[in-house]
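Report on the following structure.
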Amino acid sequence: MKKSTNLIIVLTTTAIISGLVLASLDNVTQPIIEAHASEVLKNAVTNVLPGIESYDREIKEGVEFFLGKNLNGTIQNVAFQAVGNGFQSKLKILVGMDLEMKTILAIKVLEQMETPGLGTKIETDPSDKKNPGWFYKQFFGLNLAKEKISYLKNETPNKEKGQIMAITGATISSQAVVDIINDAIIKNRKIFLKQG
Amino acid sequence: MKVSSFKHGSHPAEFKEYTEHKTLEPLPIPEEVFIPVIQHIGAPCKPVVKVGDEVKTGQLIAESTGFVSSNIHSSITGKVKKIGDFPHPNGTKSPMIQIVAEGDEEWVKVHDHTEPWGEMSVEQLKKIIADAGIVGMGGAAFPTNVKVSPPRDKKIETFIINGCECEPYLTADHRMMVEQAKEMIEGTQILMKILDVEKAFIGIESNKPDAIEIMQKSTEHLPGITIIPLKVKYPQGAEKMLIKAVNKREVPAGSLPMDVGCVVNNVGTAIAVYEAVVKKIPSINRIVTVTGDAVTEPKNVIARIGTPFSKLIEFCGGLKPDTKKILMGGPMMGVAQYSLDVPVVKATSGILCLTKKSVPYREEFTCIVCGRCVHACPMFLVPTRIARAVEAGKFEMADELGIMNCIECGSCAYECPSNIPLVQRIRIGKNKIREMKNKKS
Amino acid sequence: MAKTKTSLLAEFTKGLWQENPVLSMLLGLCPTLAVTSSAINGLSMGLAVIFTLVMSSALISLTRNLIPKEVRIPVFIIIIATFVTITDRSMAAYVPDLHKALGAFIPLIVVNCIILGRQEAFASKNNVGRSIIDALGMGIGFTMTLTVLGSIREILGSGMLFGAQVMPDAFAPWLVMILPPGAFITLGLLIGTANWINAKKG
Amino acid sequence: MSEQNNPTENSLGRLVLSSSPHQNSNDDVKKIMRGVVLALLPAVVFSVYYFGLRSMLVIMTAIAACLVTEFLLKKLRNKKINEGSAVVTGLLLAMTLPPSIHLGYVVLGSVFAIGIGKEIFGGLGNNIFNPALLGRAFLQASFPVKMTTWTPTKLMVLDAKTFATPLGGFKFGENIIHNFSDYWNGLIMGNIGGCIGETSAAAIALGGFYLIVKRWSDWRIPVSYLLSVFVLGGIFWLINPAQYPDPVFHLFSGGLMLGAFFMATDMVTSPETKLGSWIFGIGCGFFLVLIRLFGGLPEGVMYSILLMNAITPLINRFTQPTVFGEVVK
């Protein structure tokens, strides 16, 4: 009887102490972690929406839009996240577009765990020292007024036709990026343009 | 022609062409014979003659001492010169009775019944077989009188005469079937009477069409005897395989054929029974195939038990200079001999002499798990794994893998492309396990 | 264990080689295989483990006489989990990039058998000083192995070491080395080499 | 017994004493290895015909590198090369490489195939995976771009810069096989892009039949492999002919012929029982179709065989024959 009380006391004390320590730790670190996360997002949004001073967050039909504003506070452009499956991981890409959603301004890969050295080239290609981000930069200024994005192999792409060049050896990752962005644009264009 | 068989097995090259058409030739009576007192499975016999005794052909010289034991008779007329240890074909030195020929051949009959065998009682016939010292002529040398006396509770339904002779080179049984068909059939009928069976099957591999034809012809008028042509496959002549091929029954592991109501006898045994019962001659003759590429003139020889191998080889024109290996029996299960002085015993089915060319040096490689031994093993074992277990000293594991079921036919080692002595290792393992079990009990 | 007191130095060095948690005891293989795609990942994982290991060893050694035998495992786990969470949160706050690279494997230090193993086998039976020395030795042994593993994989798999180019431009990186199979192959070869060296030493 | 009359010692020299059996089948490992090399010759000839001497260079490099690696590793363990399986490994590895590949990669793949694929397990017979395929898998995983850069054959008239193997074409929507003559010239005779040894299905099959006739490979494996690919591929084709290729295309494209006749039949890494061989072949076919149709890679021969290699010990265990006369419990 006495023994079991002893056991309970020891376990409870340990748990309480541990809980207290962790709670106070959380108090200290949580704000830092959150600040960091919002910093990352802010950087990303500023990255894909060039020439803006600030941005607003707006949720329409469950989709999160980032509305870029200039010095005067006029809405200039819009960004949103495109999410989908890559070759072997979930891809999260931030896409910045003009307000009519006809031209891609810039994109940024937020999350990816593709095959190192192959699929990861959608973010950085170490073999191309001068321009490691050549792949995603192809999307900058892509005109999608008439067509969807399509990828080519071994041919020079035409930006006006929405064409980009696929990564050799990582056709599937390239295709995934293209498909994810296409799908997100088609879906979000409807939602965003409904009310202006 | 419908051909029965068992599953698995191998197809060694046959080399029967050396002697398959050579008529049986009696060997001249040798000047001296060495008759071992152990020629069978079971307890050794006790000599009943002394040095200096005069013996006649067919006279009992050593008598059976146990249930599984078999009488031994003098094969020539002469004088006992020595009783002592001489080289035995099983590779040891073992007690033998040396007899030197003297004077004219005189015979001692094995029994003095005057009535035909059809009127004798089963007990009388069994006694004759026991007195005549007949053992299985196939190679195992199990006393025949024991084999044909199953316990009362085991009813024998199937009686099979084994005419397979699946060992390469050997043709003794083949020639017997061709030349002594009548005797063999009569021997079979005597055995059928003893066993109280209505039907008998004679299994013959289909590489002996002449034997099958003669047998079929001689049994046309005998509805009880059926000739069964069998697929040419080694080891078709192993009792268990033969039973499987003839009546599709599997002898359970660790049991005897009689447990599934079967008795199997060799062709030679049937003839020996005939000779003992009808001709009143005990088991003193043996038909031996002397063959191989090292023999000048391969022959099928009728030899007296106890004749040294050298005499038979001499009779066949002697050996070629590059002789490398002498075997008693066939190449698959035969025993290598270190001397030509060893005598013919009741189980000597052949003397196989091979030149260097036929016994090449074979480099052993590691097992490449090709599975050929598995496909070859008629007992459905996995020889490579068993051999590995034995090599690693894991005898219990080997036992679990069924090592004791191995019939040592050698098919696995024959097939092995890595030249691993599989059956040899298994043999070692079996002996070790037997030792261990004996120690325990 | 206390009967023949080994020297403190021996207590420390045993974890480096002859009782190396990865190479000779094959403990903590999950993080070993998963995070060593670069030297820096291996090193930081090792440091995180050293911190957790030393802190929990010290605490457990201190309280070893207070903890009843029956509940020692739950108590150990609570203590270890606490330190792991401290590591995890601090890394997330102060070195977010590294935290992202090590991913789920920081929280998983809780179930890293090296840590619980040392508590059970050593800290709960020895005094604080010895326990810390033991934890340091083991932790450093673990860190060394992970760093070596990470270095080999980084050099061959991306031609770099600690993020700096070391291989000539002509060298084509062996992608497989930074993929999971590369981890298995390299670890296997490392363990094999260690055994080979031990066998040679006799 | 008369001592002077002992022919054994005098006239015969020493007789060989050994335990039975005294007769062996004429096959041995060396002979089998030679047979495999011989069986691959037609495919080698075809590859030289289509790709020029470059393919010969790749083959020679692979063989030499395998031999040297094996020699060094054996030396380290004080053993000597005996059965010559390194030649077969090198040749098979080379057959799975693109003819334009840099020779450095060939050497690396060979070292890996012999070192990690074979010697580390204790040499031929103890390896779990087919060494040549393992070498190829290593190269594929390390240098995916280089390993899938194909050169057209010398006899091809090219109208575009684009170049893909038939399988890659199918996978990425550029089907290049359209009619019977494409089938005949391309897939069966081998006038297509691809690895050195996987272009001409006819040449490979010829060598494969030779091995089967000689009993140096188990016919059950290629038969069950090809059959299961044909049936499974056929089922998908019947479901949707527009999306999935027809079964004949499956059979003759890519490395299936090479894999079925030479890789899957590797004795060491395939099951030892007959039933096991059937299971092995069907499993290979299943994985192949799965990878080709739904996987990320255009070709699945290599991984289908490696996967089945991994479960071969399990197959062996479950298909162990029941001992003769053993009562089924």
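By written order: A, B, C and D. Residues from 1 in each chain.
In the analysis below, contacts are C-beta pairs under 8 Å (C-beta built on N, C-alpha and C of every residue); 3 or more make two chains touch, one makes a residue touch a chain.
Values in this document were obtained by computation on a predicted structure and should not be read as measured data.
S.K.: Name the two chains that are joined by the greatest number of C-beta pairs in contact.
M.R.: Ranked by C-beta contact count, first place goes to B-D.
S.K.: With chain centres taken as the means of their Cα atoms, state the distance from chain B to chain D in Å.
M.R.: The answer is 46 Å.
S.K.: Can you work out the whole-Å distance between the CA centroids of chain A and chain D?
M.R.: Going by mean C-alpha positions, chain A sits 45 Å from chain D.
S.K.: So what's the Cα centroid distance for chain A and chain B, whole Å?
M.R.: Centres of chain A and chain B (C-alpha means) sit 86 Å apart.
S.K.: Just the number, please: Cα centre separation of chain A and chain C in whole Å.
M.R.: Each chain reduced to its C-alpha mean, chain A and chain C end up 33 Å apart.
S.K.: Enumerate the residues of chain D that touch no fewer than two other chains.
M.R.: 144 - these are the residues of chain D that touch more than one other chain.
S.K.: Can you list the residues of chain C that touch 2 or more other chains?
M.R.: 173, 175, 179
S.K.: In chain A, what residues contact two or more other chains?
M.R.: 118
S.K.: Would you mind giving me the full set of chain pairs in touch?
M.R.: A-C, A-D, B-D, C-D
S.K.: For chain C, which residues are in contact with chain A within the complex?
M.R.: Residues of chain C touching chain A: 37, 66-68, 70-71, 74-75, 78-79, 81-82, 85-86, 89-90, 92-94, 96, 157-158, 173, 175, 178-179.
S.K.: Across the complex, what residues on chain A touch chain D?
M.R.: 87-88, 118, 153-155, 168-172
S.K.: Quick one: which bits of chain D touch chain A in the complex? Just the residue numbers, please.
M.R.: Against chain A, chain D makes touches at 144-145, 148-149, 161-163, 172, 296.
S.K.: Can you tell me which positions in chain A touch chain C when the two form their complex?
M.R.: Within the complex, chain A touches chain C at residues 3, 6-7, 10-11, 14-15, 18, 21-22, 25-26, 28-29, 32-33, 36, 115-118, 126.
S.K.: Which chain D residues qualify as touching chain C in the complex?
M.R.: For chain D paired with chain C, touching residues are 105, 108, 116, 120, 138, 141-144, 146.
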